[in-house]
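Same chain, two partners: subunit A is paired with subunit B first, then with subunit C.
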Partner chain A sequence: MEPRAVTAPSPAALWRPRWRYEPAHLALYAALLVVVGVLVVLPIASVLRGALVDSGGFTLAHVARFFYTPLYLESLRNSLYAGLGATLLASLLALPAAFLLGRYQFRGQAVLVTWLTVPLVIPPFVGAIGLNQALGRAGALTLFLEDRLGVQFVAAEGLRGVILAHALHYFPFILLTVTNALANVDPSLEEAAKVAGARGVRLLWRVTLPLVAPAYAAGAILVFVRSTDDLGTPLILNVKNMLGPQAYFRITTIAREDPDGYAISIVMLALALVAVLLATRLGQRREVATLQTGSRAAGRPLRGWGPRLLLAFSVLVGFLGLLPHLGVVLMSVSRVWSLTYLPTGYTLDHYAEILFRAPQFVLNTLLYSATAAVVAVAVAVGVAYLQHRGRVPAPGLLDFAATAPIAVPGVVLGIGFLRVFDRWTVPWLGVPLTALWLIFPMLYVARRLPYAVRATSAAMAQVHPTLEEAAAVCGARRWRTFRRVVLPLVLGGAVAAGVLVFVTAAVEFSATVLLISRVEQSPLSYGIYLYAQSPRGRGAAAALGTVAVVLVAVGTYLANRIGGRRPALTW
Partner chain B sequence: MKVRGTVLLLLAVALSLPAGALAQANQVVVLTSFPRELFEAYKVAFERANPGWSLVVVSKPTTAGITQIRERAGRPDVDVFWASAVDAFVYLKQNNLLERYTPPAEVRRGIPDRVAGFPINDPDGYFVGFAVSGYGIMWNTVYMERRRLPEPKEWEDLLQPVYFGHIIMSTPARSGTTHLTVETILQGYGWDRGWPLLVQMAGNMGALTERSFGVPEAVIAGQYGIGIVIDFFGLSAIASGQPVRFTYPKVTSLVPANVGIVRGAPNPEGARRFVNFLLSDDGQKLLFRPEIGRLPVRASLYAQAPKGFPNPFRMSAGVQFDANLSAARYQLVTRMFDQVITFRHAELRRAWEAIYAAERAVEEARRQGRDVAQAERLLRQAKASARLVPVSEATAMEIAQQVDRDPTYRAAKEREWEALAREAYGRALQLAGQAAQAARGR
Partner chain C sequence: METVSEERVLAVEVELDRLTKRFGATAAVYGLSLSVGRGEFFTLLGPSGCGKTTTLRIVAGLVEPDDGRVLFDGKDVTRLPPWDRNLGMVFQNYALWPHMTVFDNVAFGLVERRVPRAEVQRRVAEALDKVGLTGMEGRFPSQLSGGQQQRVALARALVVRPGLLLLDEPFSNLDAKLRVQMRAELARLQRDLGITTLYVTHDQEEALVLSDRIAVLDSGRLVQAGTPRELYENPRDVFVADFLGGANLLPGVVVRRGSAEVEVQVGDARVTAPVEGEAAPGQPVWLSVRPEHLELSFGDAGGLRGTVVATDYLGWTLQAEVALPDGTRLQVRGLDPSTPLRPGQPVSLRIRSERARVFPRRS
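Presenting the complex of A and B:
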């Protein structure tokens, strides 16, 4: 855990304003409010309007219909079941390893940490394709079980498959938070407990666990939110009775104005909101729970059966986490793979297809994600600056609006975008804004802005105002001070955030699929979906998936290098 | 410096990339449900044959395509609708969403009026057929060997207990070709025999996929053994070396896949060029490609077909497909199928599983010489309950129009059908359990 950033004291007396508000700041404030308003507030408001307002004014009829339509209730139940199941399974996978990594010191520890975070680099719906090849109905391990042991058990199918795919992808969230918390538990607390006679299980139960619990809860809720947000995995695994798929079907096949689609969206929104609020409250408690004294417990060496068992289990988890990757990579070079452990024919043709014959998926993704990253970082730097230095009314308002999308599921944001921007006709082109490729960078900015704002705001908070005062003393004007002092100090964090925006935008699916119309404009994530439905099999989809994995891996590495800290938790 | 360099590089990459295919004068926008292999081949060939023109593809399931055209009536953003499902075209035509266009005579030469009794082109000239499709059953030979399953020939074969959990199909609400298959069965067997057949067959299914492409995908990978598909999925998979086979059951229909110009199309000239290209010799011969595997409408071309390629002009269809009937009850059939089959698939499957278990118990009891009259009676009731006909044909035709037009009415009906299905399958499960107990002499 980083020590808490010191909140900067109010700006120096040197810059005491002539007016209460600074005009330049006000202009920036207004511009950013417009940007955030259009990208974030309008779409969300539009979804709320679709669900709560009809020709007769305000109504709760549509939302009420949700609760007496058995299909939607079943979908809600399934979504909750899958979300909680994924959280539980992810906890089971992550906690033993977290305990091992947080409490013990051994050779190869760094390797194990890296290995166990590898699952994060595969987008879950790509992982689902790979998992299918390993544990699906015709998966290698499923066949092996049947042939050797006579057991017919399909692990990756239906809701169970969704749970498995999510747990295997998201368990590092829990692993990282809990490992950090364990390593940071003040040893004096445990020593005090030992002096008072607590040992073993009692010590763990009464002292250590309560100290780690808030960190665990934060990680677990993140897994839950991510899991219920994901539309791609259910679609790939052919699970229809969940909230995301139902909303998507209503809006795309029945009618764009179908009120049921909006009612489902509201329920999804409420679910995510509750979870995020819970996480925020628990996060605040965590700060209290881990008052830093600066001393860290030295890791114990690996001795005895217990820790060795933990190590064996962690390695097993590591292998499980690699199954989706293996499945995808093998699939991407297979020509025929039908009911055999390994492909029976190999080819590089799928790569030729996606790199030379249809390179637009990769190129579009680079274009959209890069644009989104640049815009998101620019907006985020503005928001962060105003929040920490701005002399404007209610600087928190902007920050709040910019971080709101964190509690908005992708499907919901996508529906909101569709509803709002389909009515905006681009002046001299005469087509709706949704027909332009610009809609995708806009969408990704809106969706990933919270992370960019958080990261740059944290970086901004670490710039002490005395540096700017010093610059002012040396005669620099405000813009020059910003450019030469503040910006260079914040840029590292901002660029790291930008790379992460780039990476997460590159694999965004839930909202993209709602806005896609022209194949020529589609990014990689939709390309994977498109290829996954080709009658000749999923080879090309897997090849695109492999490209996505490489993009995310390289991006994460770069962000780590530039940012200097582990930003893995930002998606 | 390094950091600034990174930013500049990202910017440079962003600016140097092509900014989409918009704002081009000579383009034609095609909305299609066809797989990538097909539309990509036509895009390349069309642009080569029409220098200066570019083809933009919008890929959607047929049903989502209809929704898009309907919602943008008056200011369409696509020029051409290009899909398999003929009743989708009838629906669009009836709702005044298509432009009339008859290709020039030299383009139409050599294309017969009918295939297996079905008109290839719309008699009123709102859309034209460019390829012929039949519907049938494909299976994975490796899978069938592994599970020791016999090869199916007819739709009724799929009702056998041995196939329980091994079959897969798509849903008519999401896939136009699946809807044609469902209508073919409903028309071929009649409503009163067709629905029980569909419901029982669905009880045997392992899964219902969201898009029709999911079916060949799952059969090729060996996740399921048998798929209900449009012929070209089978033919193209066989051609690309996958271990699968395909057959047309007797009750099949041969129906043209079509193309039509959207009313008020922004690029009418491009749209006409595209239609003409589809019917040209070059356009027709593309269909023979192994990865496409479709049947051209120009009868004379079959002399040049690859070996083993079916010729629809020599086949007789068991069903005279009535596209008007199908279009009139399109919403009704798709919504009803979703409520009583797609979304209730788990219950339906459980019911049939219990019925098969009870059947085995009855067999066993009969072998042991016990009295099975009571058990058989319960079993018959269970089967009847698990072969639901949600509404009679007469009622269906009566309410079809209101279901299509009135969303509130539709939603109410949907809930009604759902309750009906839950009740029927629940009862079937219960009756089957009682039958098994009765057979075991409790």
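Presenting the complex of A and C:
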């Protein structure tokens, strides 16, 4: 049959061309691949190259030397010890409260949850400053123990201090994960076990705990890896024999091209990679136990001694979790605080220092973090859109590359950035890219892209394709559909993600410290470190730390308001 | 481009020409040809997976066929994007934009067509009035009941004065009572507007009530198209007979062939039923009898003998399942609800043979 009176549509109007890929999508895809390639793939590849390639080509000699060098082995042991210790201590603090909150219902429950999550707003290396004032060698509580009880015990010193700082920062993370898992266990699973005759401890041991275990393990592993590869906390507490500090010192004080620095980086990378893969696997297992029936077990009332003891312990943990905050805030307003329980004089001079005499730390941080947040969200929206709707080859590739930094320790990414961008000369200015302030937003985009992409992708997955089809049928071209339907629907999630990028970038230290070339360019986190180097600067460091805590607290609150309940943030 | 006029856009005539669409190795639609007349209410009916939704999406331009053409008023629109087809479409899940109010949802297509503000206001109000939602302009979809969401979706589809209205199982998410009510409203609106309508459903009752014509699809192919009455009374094969209205299938053998009827041996009974096409003596056939074409009486009253297995009391009527000695189970419909029927009772069934149909059976 011949078509009658065919009016051929103009080529531009063709909706789905015969070829499989969409030109506009391909262009965006290519642009994003370049961005993610430069910011993520190049630095990581450069670290691998630094460790595995020398003049003679591929070599394992540097990595092998790592395992023959006592100092490095000791650092590895210390890092693992610190990670394990922090995880155990955090679990000990978190699990009783998690059980209490997940299984019982009582007045003031919401207050307790909020209170117990407060430690998340203080980055561990800031918390370390406060802990030092409370539990360090000359800390208030240390003095108290010695004066009143005659006990000589310094809790926040050396590795022990690192463990304590991390445990106090991360236990809410485990708490939230496990509470959530407990609350999400389909009550019918436990009811079925009860009908089958299990109760009390046996029910807990045979049914409830196995159901919650994957969630706990996933959370614990992430705590372990974050504690293992941290740099800021050990530096503040003057602990040098850990992997992070060793890598940092090799690269910044020995030589930019020192292969040992890269070998340490590779070991850290491998550790983090294994941990993240493991946590992801366990996270997937968790889905099995939580049915989407929406029915939740009603909490039991607090009755008897057991739950009351749990409550008492949780409150104690709550106070413990506030120690870093109290220490930092008090320190920031103290004129003199040495060998006394409390400061012997108060002043706002430290705030005058950081806000008026040297305001660049705070201003730089605001500039860098805001830039990073905007760019990260823009990239994340593109990546998420292409992943879900893209008519491009291998849409998962981009998503994979963009989420890869989640398994890269900050120190390692910083080293990669230094190695790559120190060689890139900026046209006209004739200086390396690492000399420009832009390097910091670039770094923060790379480091926080995974979170932005995940949040945006989750929002994108909520957009049912028929919503776009309905728009197309109603007469909207693809761009109009994106602008009027897709963008407004993912914007909430994307902006919330952007706020989180902002706050996490504002307190980023591990990678930042590697890229500092001039003090005038340095952000708040490096400022804290700088001030904390001298006893006289501690007050200013604490004041900057307080600003950081306020930024994080406000940002977290905003992100939760905008994006609804989201998983707790970690850095 | 779209011209904005006060006049009703003329309903289009749709022709599908040998459409084929494969997903992987399986053909969702295979060589499907159909034509839908101007202003006609045309239904694609079939079980899930029969290709009816894919066909609708091809007509909408959301899916590009591998082969074949779609013609609107004789013009080939196969490669035309959906936004240039001037359609109205109601999705199974309504696909209302959750971030827009009722007003903005309905106005969307008019805004895309650059209709002046004042006219948008007027036409949205008019469309909402038509579906009985005046006063709901400021609500968000999440604040509406399922039936109200359905009406918004319908208003959104109609407000642009489309040449063709596409409906993809629009009532499947509504409860039974609301479904019947919405069905009546849709029928009224469609008649008033005279808009060509392509309707997809797996619900045979909906199809029978609403349609001018029905096409029954199976495995991506067209089995039979015709008016509801044609399909119900003269199904082409066992599939159509069973899918539309339900049918008891009794295996039998042709005994004697007349000019327009045939005598079939079914068990102990002989039945004379109308037939078209070939049916030579000795050929195995299915005798297809609708449940309401079986007359039930107690004891041995001639016809097929059997035993009551189960009864369904529906208040206004009574249905029964009867087992024949060879194990075949027959559905009987339309019994007087006061009939004292109990499982285990011996009964006999007389076939109203003039309403029965004979189809070939592969032995």
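Rule of thumb we're sticking to: the second predicted complex is superposed on the first by the 547 of 571 C-alpha atoms of A that agree within 3 Å, B and C clash if a C-alpha of one lies under 4 Å from a C-alpha of the other, contacts with A are read in each partner's own complex, and residues count from 1 in each chain.
Keep this in mind: a contact is a pair of C-beta atoms (placed from the backbone, for glycine too) under 8 Å apart; a residue touches a chain by one contact, two chains touch by 3 or more.
All values reported here derive from a predicted model rather than from experimental measurement.
K.L.:
Could you let me know whether more residues of subunit A are touched by subunit B or by subunit C?
P.N.:
After superposing on chain A, more of subunit A is contacted by B.
K.L.:
State whether A:70 touches subunit B only (first), subunit C only (second), both chains, or neither.
P.N.:
A:70: touches subunit B, not subunit C.
K.L.:
For A:470, select first, second, both or neither according to whether it touches subunit B, subunit C, the two together, or no partner.
P.N.:
The answer is second: A:470 touches subunit C but not subunit B.
K.L.:
After lining up the shared chain so the two structures overlap, which partner does A:501 touch, if you call subunit B first and subunit C second: first, second, both or neither?
P.N.:
Neither subunit B nor subunit C is touched by A:501.
K.L.:
Quick check on the superposed pair: does A:95 touch subunit B, subunit C, both, or neither? Answer first, second, both or neither.
P.N.:
neither
K.L.:
Looking at A:370 after the superposition, I want to know if it touches subunit B, subunit C, both of them or none. Which is it: first, second, both, neither?
P.N.:
first
K.L.:
Just checking: does A:480 make contact with subunit B only, subunit C only, both, or neither of them? Give me first, second, both or neither.
P.N.:
In the superposed model, A:480 contacts subunit C only, not subunit B.
K.L.:
Where on subunit A do subunit B and subunit C both make contact?
P.N.:
The answer is that subunit A has no such residue.
K.L.:
Of all residues in subunit C, which touch subunit A in the complex?
P.N.:
2, 17, 60-62, 64, 69, 71, 74-76, 79-89, 91, 93, 95-99, 108-109, 112-113, 156, 160, 166
K.L.:
Please give the residue numbers of subunit A that touch subunit C in the complex, ascending.
P.N.:
Residues 1, 3-7, 9, 13-16, 464, 466-467, 469-477, 480, 484-485, 488-489 of subunit A touch subunit C in their complex.
K.L.:
Please output the residues of subunit A touching subunit B within their complex, sorted ascending.
P.N.:
65, 69-71, 74, 132, 136-138, 235, 238, 240-241, 245, 249, 252-258, 260, 335-340, 345, 357-358, 363, 366-367, 370-371, 373-374, 429, 431-432, 435-437, 491-492, 495, 498, 502, 517-521, 530-538, 562
K.L.:
Of all residues in subunit B, which touch subunit A in the complex?
P.N.:
Against subunit A, subunit B makes touches at 3-4, 6-7, 10-11, 13-14, 17-23, 29, 35-37, 39-40, 56-61, 63-64, 67-68, 71, 77, 140, 142-143, 146, 173-174, 206-211, 213-214, 216-218, 220-224, 232-233, 236-237, 240-243, 291, 339, 342-343, 407, 411, 415, 418-419, 422.
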